[in-house]
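Next, two complexes with chain A in common: one pairs it with chain B, the other with chain C.
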Partner chain A sequence: MKITIENKDAMSVIRLADTSVILAQRLAEMCSNGPTLEEDIALSNISLDLFGRAEELYRIVARMEGNKFTPDEYVFHRNEREYYNIKLVEQPNHDFAWVISRQLLHDIYAKELFTQLSNSPIHEIAGLSQKVLKEIRYSFMHSHDWTNRLGLGTPESNQRMQAALDHLMKYVDEMFNFDELDRKFIPDPEKLKSTWFSEVDRILGESNLKRNAVAPLSMRDFRQGFHSEHMGHLLSIMQFLPRAYPDAKW
Partner chain B sequence: MVVQKEFGHLWELLSEIPDPEIPVINLVELGVIRHIEEKPDHDKVIVTITPTYTGCPAKKLFQDLILEKLASKGYHNVEIISQLFPVWSTDWLTDETKAKLLKEGISPPTIGDKIIQCPKCKSTDTKMVSAFGSTPCQSLYTCNNCKEPFNYFKCY
Partner chain C sequence: MESGDKVWEVFIQKKAGLPFKHAGSVHGYDKKMALQNARDLYTRRGEGRELWVVEASNIVAVPLDEADAFFDPADDKIYRHPTFYDIPDSVGHM
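== the complex of A and B ==
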C-alpha cells in the first residue's frame, strides 16, 4: 500500500497528527515502567489523550484527502520517510528525566500551537484545538511540576534533567522553521517562537536548570520526512502487528 | 444541558443508556448526545454525538450502545455523526447530574477545579494525590478531614 498526500492543507495537518501519535507511542512504552503507580497512570493517561488527538487529526486529514485512506492506514502503513513528526517526540525514554524534559518542551509548543489553531477558519480544526487546549492544561501541569521537582530535587536529579535538556534542545530549531503550508494555519509564527522560548526559560529558571547553547544538528527537516535513528525502531514496534497480520481486527 | 423537546420519545429512549464507566449517569445527562433527527417516513434516525475526551476509550462503545438501544425499538437504519463543535464541557452537567455523581462517590467538577468536596463527609478540605486517575476524566484526591480517598471528575 502506497499512501500519498495530495492536498496541501492535509500535509500541514498530518504533521500535527504524526507528532501526536509518535509521542503517544513513546509514552505508551512507559506503561508498567513508570517510577510509581500514580506516574504510570499519569503517563498512560497523557498517552491516551495524544492517541485520541492524533485519531481526530487523521480523520481531518482523511476528509481533506477524500477519504482515500483511514486513520489506521496512515498510522500503520507509512514508512519512516513518510512520517512528518518533529524529531523531539521520537527521542527515546532514556531515563525519567528524558521523559519529563521531552514532555515539557512539547507541551509548551503544543499549547502555543493549538492556541493559534483554535481560531482557525476551518471549523473542525478550531473545535478540536479548543478541546486539545483543555487536555494540555493537565499534561503541562504534570511536566511543569516534575521539572520543578527534579530540577530542585537532589544533585543527581538536577544533573540528569540538565543532561536530558542539553540533548533534547538539539531538536528544537526545526520546530520553528515553519513553511508556507504551516503559515496558512499558524497566523503568528514569530509569537509562537518567542512565547515558547520565554516560557521554557521561565520554568527552567525557577527549577535551577539552564537552556545551554547547543551546536545545530546537521540533519534535514522533519517536513521532508527526515528523522533521527530512533524513528525506525519505534515504527517497527508500533507497526508490527497490522503489517504482519493485515486482516487483524481489534 | 438543554434537552430538545422534539423527538421526545427518542431522547427518553437514549437517556436509558448509562455511561459505561460511570453508570449512575446516562449519555444524555453527560451531554454526549447533541441532536436527534427522525426522518419523516420514520425509516431513518440521525444521532449527532460529541466526544467527551478525544482519547476516551468509551468513544466507540457510546456508538455501539446507541445503535443497540435504537435497534431494540426497531430503528435499524441509524446514522451516527460525531461532531467536535461546540466543544464538550463539564459545564453542561446540570446540578442534578452533579448531585448524582457526588452521591455515587465521585466529586463533581467545579469551575477551575477550585473547591473540591469529599463525597463521604462533604468537607472541602481535600488534596490532590494525582491529577490522573482511573479514567481520563478523573483525578485522585484524598480528604484531609475523614482521610477517605476519592475520585474527582475533572473540569473540562
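== the complex of A and C ==
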C-alpha cells in the first residue's frame, strides 16, 4: 500500500497529526514505567489525549483527501520517510527529565500553535483547536510544574534536566524553519517562534535552568520526512502488530 | 514510599451544592502535586467539578482499638430511632 497526500492543507494537517501520534506513542511507553503510580497514570492520560487529538486530525486529513485512506492506514502503513512529525517528539524516554523536558518544549509550541489555529479559516481545524486547547493547558500545567520541581530540586535533578534540555534543544531549529505550506496554514508563524522562545526562557529562568547555545545539527528537515535514528525503532514497535497481522481485529 | 512523600485523602463534588464524597487516596509531595494526582486518578470520567485533598495525617480518626467503646453503646438503644411514632398519612414518606 502506497499512501499519498495530494491536498496542500492535508499535508499541513498531517504534520500536526504525526507530531501528536508520535508523542502519544512515546508517552505510552511510560505506561508501567512512571516514577510513581500517580505519575504513571498522569502520563498515560496525556498520551491518550494526544492519541485522540491525532485521530481527529487524521480524520480531517482523510476527508480532505476524499477518504482514500483511513486514519489507521495513515498511522500503520507509512514508513519513516513518509512521516512528518517534528524530531523533538520522537526523542526517547532516556530518563524522567527527558520526558518532562520534551513535554514542556512541545506543550509551549502546541499551546501557541493551536491558539492561532483556533482562528483558522478551515472550520474543522478551528473547532478542533478550541477543544484541544483545554487538554494542552493541562498538559502544560503538568510539564511546567515538573520543570520547576526538577530544576529547583536536588543538584542531581537539576543536572539531569539541564542535560535533557541541552540534547533536545538540538531539534528545535527545524520547528521554526517555516516553508510555504506553514506560511499559508499557520496564521502568524513569526509569533509562534517569538512566543516559544520567550515562554521557554521564562520557565527555564524560574527553574534555575538555561537555554544553552547548541551546535546546529546537519540533519534535513522533518517537512521532507527526515528523522533522527530513534524514529525507525519507534515505528517498528508501534506498527508491528497491524503489519504482521493485517486482519487482526480489536 | 520515599521521604517527603505523603498520603492525601481525596474528596469529589459531583456538582455545585452536592456534598463532597470520599473517593480514595493518592501520594503527593505537596498540595499542588496531590491535587494534580487526584485529578488524574479520580476525575478521568467526568466524576466531578470540584476536588478537595486533605493530608491524611490531618484527619482525626477513632483509634481502631477503641471502636467498641465508641460505637457499641448505640446498638441496644433502639428508642433513639424515631420508629415509635405514628406518622400521619399526610406527612407522606419520611
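Here is the rule we go by: the second predicted complex is superposed on the first by the 250 of 250 C-alpha atoms of A that agree within 3 Å, B and C clash if a C-alpha of one lies under 4 Å from a C-alpha of the other, contacts with A are read in each partner's own complex, and residues count from 1 in each chain.
Here is the rule we go by: a residue touches a chain if its C-beta (ideal position, glycine included) is under 8 Å from a C-beta of that chain, and two chains touch if they have at least 3 such contacts.
The shown structure was predicted, so the numbers you read here are calculated from the model rather than taken from an experiment.
Student: Given the alignment on chain A, is it a clash or a fit between chain B and chain C?
Tutor: They clash.
Student: Figure out whether A:E135 sits in contact with chain B (first) or chain C (second), or with both, or with neither.
Tutor: first
Student: Which holds for A:G127: it touches chain B only (first), chain C only (second), both, or neither?
Tutor: After superposition on chain A, A:G127 lies in contact with chain B alone.
Student: In the overlay, answer first, second, both or neither for which of chain B and chain C A:D18 touches.
Tutor: neither
Student: Taking the superposition as given, does A:G52 touch the first partner, chain B, the second, chain C, both, or neither?
Tutor: So A:G52 only meets chain B here.
Student: Does chain B (first) or chain C (second) touch A:A42, or do both, or does neither?
Tutor: After superposition on chain A, A:A42 lies in contact with both partners, chain B and chain C.
Student: Counting residues of chain A touched by each partner, does chain B or chain C come out ahead?
Tutor: Touched residues of chain A are more numerous for B.
Student: Taking the two structures together, which residues of chain A meet both chain B and chain C?
Tutor: 38, 41-42, 45, 141-142
Student: In the complex of these two chains, what residues of chain C are touching chain A?
Tutor: 5, 26-29, 32-33, 36-37, 40-41, 44
Student: Going by the contact rule at the top, pick out the chain A residues touching chain B in the complex.
Tutor: 38, 41-42, 45-46, 48-53, 55-56, 123-124, 126-128, 130-132, 134-135, 138, 141-142
Student: Where on chain A does chain C make contact in their complex?
Tutor: That would be residues 36-39, 41-42, 45, 141-142, 145, 149 of chain A.
Student: Provide the residue numbers of chain B that touch chain A in the complex, in ascending order.
Tutor: Within the complex, chain B touches chain A at residues 51, 53-57, 59, 83-88, 129-134, 136, 140, 154, 156.
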